[in-house]
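First chain written, first letter: the chains are A, B, C, D and E, and each begins at residue 1.
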């Protein structure tokens, strides 16, 4: 999982609104695509010059502009120019270190989302990526650094006119994007749930220091997820309550639906966190238990043999006057006494339930 | 107890409102029954075609439609058609992974509940099931996957006109269903309370690693219960405060009553959680205690015999010039010294309260 | 202390408002007494037939009806009839498993209280009992299962016209009862405070597993008290803020006063809880400390004698060619070397502060 | 530090408003002093009969009545009479067990404060004392049990006309008293901060069970301080927001200032609490660390000598046929083998970083 | 990091508004500089007499007065005089022990900030310093004790007319200062993040008591940071919501932006805190683990050799009648038996996974 805030300080001292890309550069080129549609009409187009978009702004159709690769600050500047975006918004899009949020700017609504992916990275680790969405009166602009098929299902639904999407406005498209992002959380939670199960198994069979590390790692993943889902929940709730004319009444129930999803994700994260805490307790107690086992073995062996060794030592002494040594059955008697002591000890341990 | 969120991801990418049943298929067939009643009148009927229900919609009587087995998405689609239900509501009914909630849709109120059962599963474990209720102006529709007699007592009360139920409207029927579900929590809490007692007993008599596991398991059950009762409480509270014309003023006090029940369940869950936390402390300290015991035994034995063994070793040495060995009472003296050392040690241990 | 929710499930399936007594039957008979008073007038009377009370309802005097022994559901039904009480209220009175609460029913206010007693039970344990109060325009009805002198001081104050009570209305009487109940908490807290002191003493002198159990027991008592005082606080606050005509303005300051008492009780409970948590830490560390002690003794003894025993073993060997054995001062030298080793070891331990 | 709630129960059963002094009697006599001042005028006077105060009530000057020694309930009754104080307020003044609070009684405002002193008690422990303040339109009455120079600086400021105090009303005087009390918290916090430093030192150098006890004691002091500063904060905030005509607008900024002080005290208390929690962790881990040290010493000694002792034992056996014993270099070989084993063991321990 | 509240008590007893500098004196002289600018005009000037500033107060340009070295109370008094500042505000500026806060005084807004620096102190530790800002209608006054280039980038931006700063009012300048301070937090968090990584490394490779101390130290730094960022967040939020005419609408979005930054800092601090808690758990469990290792070694050695030593002791006994000793293969048999015992033991340990 990604690390908390880093390299933000490189911007210290720059005036606010300075466009600097903060984050990994994940795609080589910047690709801008346009989807323009309404109930009857559908157009897909690659945009080479941002200025081409101006033509679509006045139409009554919904225009979806998708930018793949945001590291090119020049493209963003042009976009800001064409759509009248505030420099701080552009700065937030570039700063991929952002917390999920929703900001109503009057003319448009700016939404920052985090999406998670457990298959994007070949090291099989979870990766997070910032997806920014701008919802205007008749347009949606989405920004993503990674070249990826994340939003393809929505594009497909628009193309094939599946579901309500072609009959509704830009707000429904924005909702569909948020819904898609939220679905990525469920996948991550399943993956983490499976990892928790694996560690629980390990805890029963062979708890090792590495198990604890794995549990702590999972706990940290939970902190990370929670850190990103909590503000998302707030943002959705703010969207829902928002009285912005950009959001139609009919979209309300859909926002309520994804709000419920967010709550459910939070619930699951909290449940996992508590499960992991319980697992740490079990791990620590299993350490104590094993110590108890080790100590019992030592104590049993020592308690049986130390007295016997003393006895053998006694009859190894070289006193001149040593009556027992002369006895014919002395040696046999020694064994009888030794065995008796050993058996008595073993019975005592049995009674104490140490054996 | 059921596992947290699973297999939700199978829906990722589908347009919202897609009807897919998420959850176990627990009954073979889908059975729809209708109860139509008012003060004077009572009708019970199995419904084969959902369309038959249209006839009952305009009557002034209360119509209770109960659907057993919700996996058949076709039946739900027809119901949605007849009663004008929003696709997202139908999706929520099918998705049995839902969090308890209350949603006022204007024409009808949608309520999701979780009921618990500790006798439904032959493995004697607790099972949870989603019960959805739709409260309309003159009708109540309830959905349940499992074929089970859960709501039979209410049916009986309607039939025999016991209590107020025949004199009241659909909102009272919905209340009666919620009340019935809440009662199932009390049963679960009693079962869990008994399990806690058993583990407390075990903790006193013979605390083992399995005790800790059992305690952690109970703790997890508590997390699970809490996760489901908290939103239920909120839902009831929302119902109570709701200004929906679907809820009559007279029903308010009944909703307040089940709200109190919900609070009491939460209280008990919290109490159990704190008790379980205390039990974990006791378990961990009993581990330390037993270790102390083991170590004391080892130390006593070792501390007494190690010096004696040394002494025996001394008199087993083969020095040519070794005056003590020549003495007539040497051997006797050895025993006297040894016994004195042992007795002194024992007295010291007694004083330190190790014996 | 009483156990959390039990046997509530026996009511599962009954229609709401069914009168079933849940709780222990603590008195044989049901006794109903009436106190009727105003500034000038005072009447005390045992009531055999609930119907007799109807006569007092229209008078301008304050009527206090006290019911001792609530298990007789017939008496309650009649009371409900005479005073027009809602069946759910009667159910709540009978269900002694209730959470403290305040419910404004318009015509009357229903208050559920928990009182505690540390002298009522011969097993010297703390017992809790539900006291329900109904405050009407000119009457107060109080319900209690146990036959006990709890409210006698109030009766006495009315009789002897001590304090303001005779000059005020029914709301002041209700306040006086709540105040009396709250005072019982202070007594319990003192008892628990003394028990905490005893365990603190034990913790210093001779911490045993039983000490931990006692601490955990006290902690549980705190949970239990808190569970009952928190809703009480809320109820008093609700009463205070209530705009019910049943509560006169002049009573406000008295309610504020008991609200302060409730807050103080909560504070004390929280303080005790934190003290008990600290005591658990001390207990656990004292276990580790004792283990350290035991291990040090073992290590000192073993570290001194094991090398010496080896040395003695060496000179007990039977090698043919063994120069030291032939030396005249060999044996003496052995002792000198042994003593030197022992003394050096002891000095080392002294330096490490193990002695 | 004072103990939580005690002996409150002695009042159980008395009617509310009964004047009983709860707390320690700290001064022998009751002394009442009056300070009457405005911008031009200044009068200091010892009051023997409370009735004398009536004369000052109508004047336009600010009258400050200070009562030292509140155990004399008769004086309080007279004061109540003269100034028209509610019996419950008088009861609260006498009950020094009170929680800090602010109560707006319309004609006057009643404020309960706790002041702390770490030099008042010769046992060098922290003592708490209740200071009650009544703020009327043109008068302030302050109550204190202990005979002490706490408020002398304010008296001095009035006398010498230093600061704004002579130009302002009674509300500013009340503010000055609260400010003085709050300053006593800073002193206590410094004392506690120094104690924490001492224990931190002890934790590094020689952690003992007594260190833990001291830490727990400090933690308890923190609980105690927090218990008293939190309600104080609320009271000041209530005063600030209060729309009482007794508080002039110009005093608002002063109240805001002491509110900030209260917040800062709370912050410091919370910081100290967290520091103490961290210290407990360090203490517990240092116990484990020392155990590890002890065990390592034992293990090293035992692991080196136990095999050697066995070897010596072997060559001490008396078998008739025992070739090694006959060898000329046998004994030398024994020492070579023994030393080799010992050295190998030491190297192994070195590698494991045990040495 | 600086210590919590100290030496505040030296002010106890002084009237409120007394100007006493609390904190370290970090610069020798007090330097007052003025920057006067608008879109077209720019003036930089060192001020020797505070009275010179009066001339700039009526101009329509923005005047930024920066005071370096606040220990000179005389300068502050003059400033208070010229700009009409309340004595309590001056007191707060001098008291560098202040909590971050925002106070709307009507004519001006007073803001207290904490800035952090990890390069200011040669001991490489983090230092905190109080920066106070007063925002008036056309002026900003900033106060700082340390002589430092902190605000130089802003001065530079004004000089070179970079960004929006020359086109905006005093409120934007105040925002720019707060933004600059907030950026210092990101730097600190990066430093702390790196330290956490170092300790995590140490935890894996060689956990020592010093590691725990370092973790606790970092945890304390977090407490300290949190203590200062939380009120900052509140202050920014209060500024944002403030309806003061001093803050123009256009500045709102900038305040929202730094509010987001504050939230992000809080998030990171919380994440670090949870990471550190997890590290403490890992440390403690690694102690137990190492103990387990040590005990296993001891137990294995002891369990193998103690029985063998007994056996050797047996054949070292001097019984007259001792058949085995006479046998020709006795000695060989002894070794065979010994080896068998040792091998069996080792196999047992292998099975228990101790080896």
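Methods note: contacts are C-beta pairs under 8 Å (C-beta built on N, C-alpha and C of every residue); 3 or more make two chains touch, one makes a residue touch a chain.
These figures come from a predicted structure and were not determined experimentally.
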Both-way neighbours, i.e. chains that touch chain D and touch chain A: E
Neighbouring chains common to chain A and chain C, by label: B
Chain copies touching (chain B, chain C) - same or different residues, decided at half shared: different
Intercentroid distance (Cα basis), chain B paired with chain A, Å: 26
Euclidean distance of C-alpha centroids - chain C vs chain E, Å: 42
Where chain D touches two or more other chains at once, by residue number: 284, 288, 291, 295, 298, 302, 306, 309, 313, 316-318, 322
Chain A contact footprint on chain E (complex, rising order): 153, 157, 162-165, 176, 179-180, 183-184, 186-187, 189-190, 193, 253-254, 256-257, 260, 263-265, 267-268, 270-272, 274-275, 278, 281-282, 284-286, 288-289, 291-292, 295-296, 298-299, 302-303, 306-307, 309-310, 313-314, 316-323, 353-354
Residue numbers on chain E that touch chain D, as the complex places them: 3-9, 11-13, 15-18, 86, 88, 92, 97-99, 101, 103, 105, 206, 209, 212-213, 216, 219-220, 223-224, 227, 231, 280, 283-284, 287-288, 290-291, 294-295, 297-298, 301-302, 305-306, 308-309, 312-313, 315-318, 322, 324-331, 334
